[in-house]
Amino acid sequence: MMVLLDLALAAWLLALALHVVMERNERSAIIAFLALGLLLGLVWVRLAAPDVALTEIAIGGGGTGILLLRAEAALRGRGKHEEGATRGGKLAVAAGCAVISAGLGFAVLALASPAPTLAPAASDAIAATGLGNPVTAVLLAYRALDTLLEKVVVLLALVGIWSLAPDGIWGGAPEVAPAAVPGPLAWLARILPPFGVVIGVYMFWVGADAPGGTFQAGTVLAAMWLLVIMAGLLPPPDAASPALRLVLVGGPALFLAIAFLGFIVADGFLAYPEGFAKPLIVAIEAALTLSVAAALAMLVAGPARKAPAR
Amino acid sequence: MNGLVDIATMVLVSMGAVLFLAGALGLLRFPDTLSRLHAVSKADNLGLGLIVMGLLPQAESVSGGLKLICVWLLAQISAATASQLLARKIHRDEGRS
Amino acid sequence: MPEFLAAAALVILAVTAVALFRVLRSRVAAERMMAVQLLGTGGAGALLLLGAASGSPATIDVALLLALFAAFACVAFVLDPAEPAGEDSPEEQP
Amino acid sequence: MTSVHATTPSGFLLVLAVILPVCAVLAIVACGPRSAARIAMTTLAAGLAVAIAIAMELVAGGTALSYVVGGWQPPLGIALRADGLSGAMIVMTALVLGAVGLFARSQYALHDGGGAGRAQTTFWILLLALASALNATFVGEDLFNLYVALELLTFAAVPLVCLDGRAETVKAALRYLLFALLGSLLYLLGTGLIYGQYGTLDLLALSQLSREDPALSAALALMIVGLLAKAALFPLHLWLPPAHAGAPAPASAVLSALVIKAPVFLILRLVLDVAPPQAAAVAGQMLAVLGAVSILFCSVMALRQARLKLMIAYSTVAQIGYLFIVFPLAAGSADLPPWSTIAWTGGALQLISHALAKSAMFLAAGVVYEAFGHDRIADLRGFGRVLPISAAAFGLAGLSLMGIPPSGGFVAKCLLLTAAVAEGYPWLAATILAGGLLAGGYVFRVIDKALANPAAPIVVQRAVPRRLEIVALALAAAAVMLGFLPLRPFEFLQIGRSGVSMAGLP
Amino acid sequence: MTAVLQPGVLFGLCGAVLVGIGLFAIVTHPALLRRIVGCNILGAGIFLVFGAVARRGAGAGLDADPVPQALVITGIVVAFSASALAVALLKRLSELSVGEGRAAEPAAPRSET
């Protein structure tokens, strides 16, 4: 039965991806892409990766979808078009891509068997961290350097996006809400965020021991914040506002501070002192969740459109 | 005892699946946009509700049951908002053409 | 029991897939917007059944998030420039 | 699994090299624009100190520095490692960044706003992020950690391109971003295949495991193609000239001198350390062909440019080509590992001398632009009379690009030429010579204008302080000075290469 | 044959096809926004290959190897940031090309099509 289910999912996934590429209407293609992101969440569940499923649904489906829809709305009718390929060219490219897919598929089939794995190593080492979720252990202990640098990547993307504002209004607030907010949306923006915040806090809290964690929780909170801003219930913050900047920096800064603390009280950079690993990791995750939420929401909101209040 | 619960689950889940099927049929068959979309969203939501009811007795913990109910509530909220926004949109689209 | 639940999940997925493509290929713009709602409900239903079938509680969390983001995606309706809502003219400083 | 990495006593320096700039980025974002320049200059100075300390530790210890982050041994954890080549790259990066920082600070002081505006603040944040990303690339040992470092580099480099906010630079930035993204994704795909095949991402472990294996070759091919898109080798170079020419002068200098060196460095490591010998030989030949085409085609393109900065940008693609002809020349043999060949030293010297010369050139061009408000070569007759120091900087940097003695570029190209002849690659030798002649052509075109008698007195729109010109001159002089100490780097570049005896060097 | 039907292989193959589909979109689509969508499909395919690798590495009481899964989570966040930056550049470019010089020009009134 599960095999049938997997086959159905796979067929659906590929059909939907083809639809996204072939659809002529941009907006429809993007809506189909949003659906693709949600569908990928199901696929990740079948790959025994609930942590990734949560991330994919939240970021791949929710975040990227809204980002692209906003962009399509802003660009409609005046998007930059580079020259498209001719029919023959398209066929040639399609053939090339098919060859690449086939080669890659062959490589996937030919991967070493039995598959090499770090699962035993990861589960042996997890006792030292006190965590119960091995994915969180990888992200915040074994490969914490990646996570730290990735937070900087997100922050840099935000700095880059902010820098696209015209000189006079740099540091101001983005424009997110439409001029007229339809009633049902305002209703949604009042009723959904309580659920969202509870779910976000829950995601963060279980993340240490069960699937979930700082990215998933942060994205949920970001989505709720965006919803509230879009419905005009709260104004979007100025990029230059000290509170926003402190929230953005807080998570990575605490992460760095604890990382440097490792030089003094543990084995070195990013090492956690014995017995304190779990509380420290949870503290880092708490601060990171807020930073991620603020950063992702601002990434979607875009550069300033109003001069900052001085 | 356990068998009785299982049978209840099976019946409710089957009914839920049938409702999903009915919704899809409605989507394919009904003539105008509004009734098509209403059919599918109503049927799907009822179907989801039945599935949640069917799975509630199987829940291992109170929090698990709460989460099930939460899923259903979210689907309700989503359907209510979407159908209202949709109705507005269709109304305006018709007004324009 | 797990077999039955998985079969039910398969039915729901198949039905949702058919409905999704019907909606995506629709010529009415408003209908295409319903794709995410459909997948939100159908996907959540299938995930709940799968979670019960495989006994992994985390799957319910995934369903929860799916339902939440399907609701969030309602803002897509507002992002349509065909809506009367325009953007306010930003005040530019010299 | 045997433990292959052990933290060395001064290994923490590697962490500092990567993390100090990150701390500064956070500090600037938190504290706001007013203190940006001060924080940045302090951090760049500290970075230079760390870089010199790393180099001194390498020389003193004669072995590579390693750091196992958090005490988690690879393959589960991440290790950092610096050998001689990494050390040289780190020092070069710190030097160029420091010089560019000085230049930018003085340049921003010329304009109203005192340097706390949008472009200035963003520039400082991105410059520091570049420092972190470059160092992370040079000391990274883990393929995925390197992916994150490359992304950090992309995200720092792209907004630099469009700091002035004009439509054409935004367009160049977007094109750059798409190329870079595609490159990163291909690299990531290769990383996934390697993990699926070997269960580790650690470069040192991979270099011991690697064998003839189609999956490995496919993965490396994907990764190298991805990195080529970022390094702008010939058919994938289209994004570079508009991006590098459109950026503000200090940004152009770091982009051309440093940013594209990171992917080149990684290709070098993948081909020499991970690729099985036979695949490496094939890849080396193909890279050399592309490199040779790059040299010839883009040198000609540089000759044809009407604008100074575009000319310098095309020259960058051409000069990068030299780095790729190293591969077959440094292939080595059974008794002579690649890093003992003269081509290896030649390639490393080319990398470093180009970085110094090219940053000097872009800064000099920036002075010209600042002074005259344009960089059309045809209208620059006699600029050498007004800006003699900048003209001298341009000329000295040009010596190195052409490969005229004495200069770092001369030693590099001479070594490559010797290797090409010795290894039996006459077509590569001919390419090197032709590339030098073409470089002479485009450099003299500008020098000729600089020394010409202007028909009408050339008008300076804005007085440029000496400081700016001196920074450019210092970098150019450094590029030339490299030519006076040619024998020193030979040993340094071999530190930490596996199983190399220090005896029997040329 | 049955080996192909393992989720760890089946979805890996799916990932391979998605890579091809994404590349096709990136190369052939005239609209830049659709190329960004293509990048996201390509990314999704690559992540699925990682997921397949992780699933194949089940062991030690875990259903999958957690390391590639964690890498995917990092990758998804980075890919999202990249999309956000690309979209912002694209929007800015279109603003600049519409009202050259008037930087913060709001969306011009559009005629419905």
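Each chain carries a letter (A, B, C, D and E) given by its place in the written order, and its residues are counted from 1.
Note that contacts are C-beta pairs under 8 Å (C-beta built on N, C-alpha and C of every residue); 3 or more make two chains touch, one makes a residue touch a chain.
It should be emphasised that the depicted structure is a prediction, and the values quoted were computed from it without experimental measurement.
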item: Among all chain pairs, the one with the most C-beta contacts; value: A-E
item: Distance-maximising chain from subunit B - centres being C-alpha averages; value: D
item: Chain located farthest away, centre of subunit C as origin (C-alpha); value: D
item: Rounded Å distance between subunit A and subunit E, as computed from the means of their C-alpha atoms; value: 11
item: Inter-chain centre distance, subunit D versus subunit E - centres from mean C-alpha coordinates, in Å; value: 29
item: Centre-of-Cα separation between subunit E and subunit C, whole angstrom; value: 19
item: Sites on subunit D at which at least two other chains make contact; value: 76, 144, 148, 151, 155, 158-159, 162, 165, 170-171, 189, 193, 195-196, 199
item: Junction residues of subunit B, two or more chains touched; value: 70, 74, 77, 81, 85
item: Multi-chain contact residues (two or more partners), subunit C; value: 29, 33, 40, 57, 61, 64, 68, 70-71, 74, 77-78, 80-81, 83, 86-88, 90, 92
item: Residues of subunit B defined as touching subunit C within the complex; value: 6, 9-10, 13-14, 16-17, 20-21, 23-24, 27-28, 33, 36-37, 40-41, 44-45, 47-48, 51-52, 55, 58, 60, 64, 67-68, 70-71, 74-75, 77-79, 81-82, 85-86, 89-90, 93
item: Residues of subunit A touching subunit E in the complex; value: 3, 6-7, 10, 13-14, 17-18, 20-21, 26, 29-30, 33, 36-37, 40, 43-44, 46-49, 51-52, 55-56, 59-60, 63-64, 67-68, 70-72, 74-85, 89-90, 93-94, 97-98, 100-102, 104-105, 107-109, 111, 115-120, 122-124, 134-135, 137-139, 142-143, 146-147, 150, 153-154, 157, 160-161, 164-169, 215, 292, 296, 299-300, 302-303, 305
item: Of subunit E, residues touching subunit A in the complex; value: 4-5, 7-25, 27-34, 36-38, 40-41, 44, 47-49, 51-67, 69-74, 76-78, 80-85, 87-94, 97-98, 103-104, 106-108, 110-111, 113
item: For the subunit C and subunit B complex, residues of the former touching the latter; value: 1, 4-5, 8, 11-12, 15-16, 18-19, 22-23, 28-31, 33-34, 37-38, 40-42, 44-45, 48-49, 52, 57, 60-61, 63-64, 67-68, 70-71, 74, 77-78, 80, 83
item: Contact footprint of subunit D on subunit A as seen in their complex; value: 80, 103-104, 107-108, 110-112, 115-118, 121-122, 125, 141-146, 148-150, 152-153, 155-157, 159-160, 162-167, 170-171, 240, 242, 245-246, 248-249, 252-253, 256, 259, 262-263, 266-272
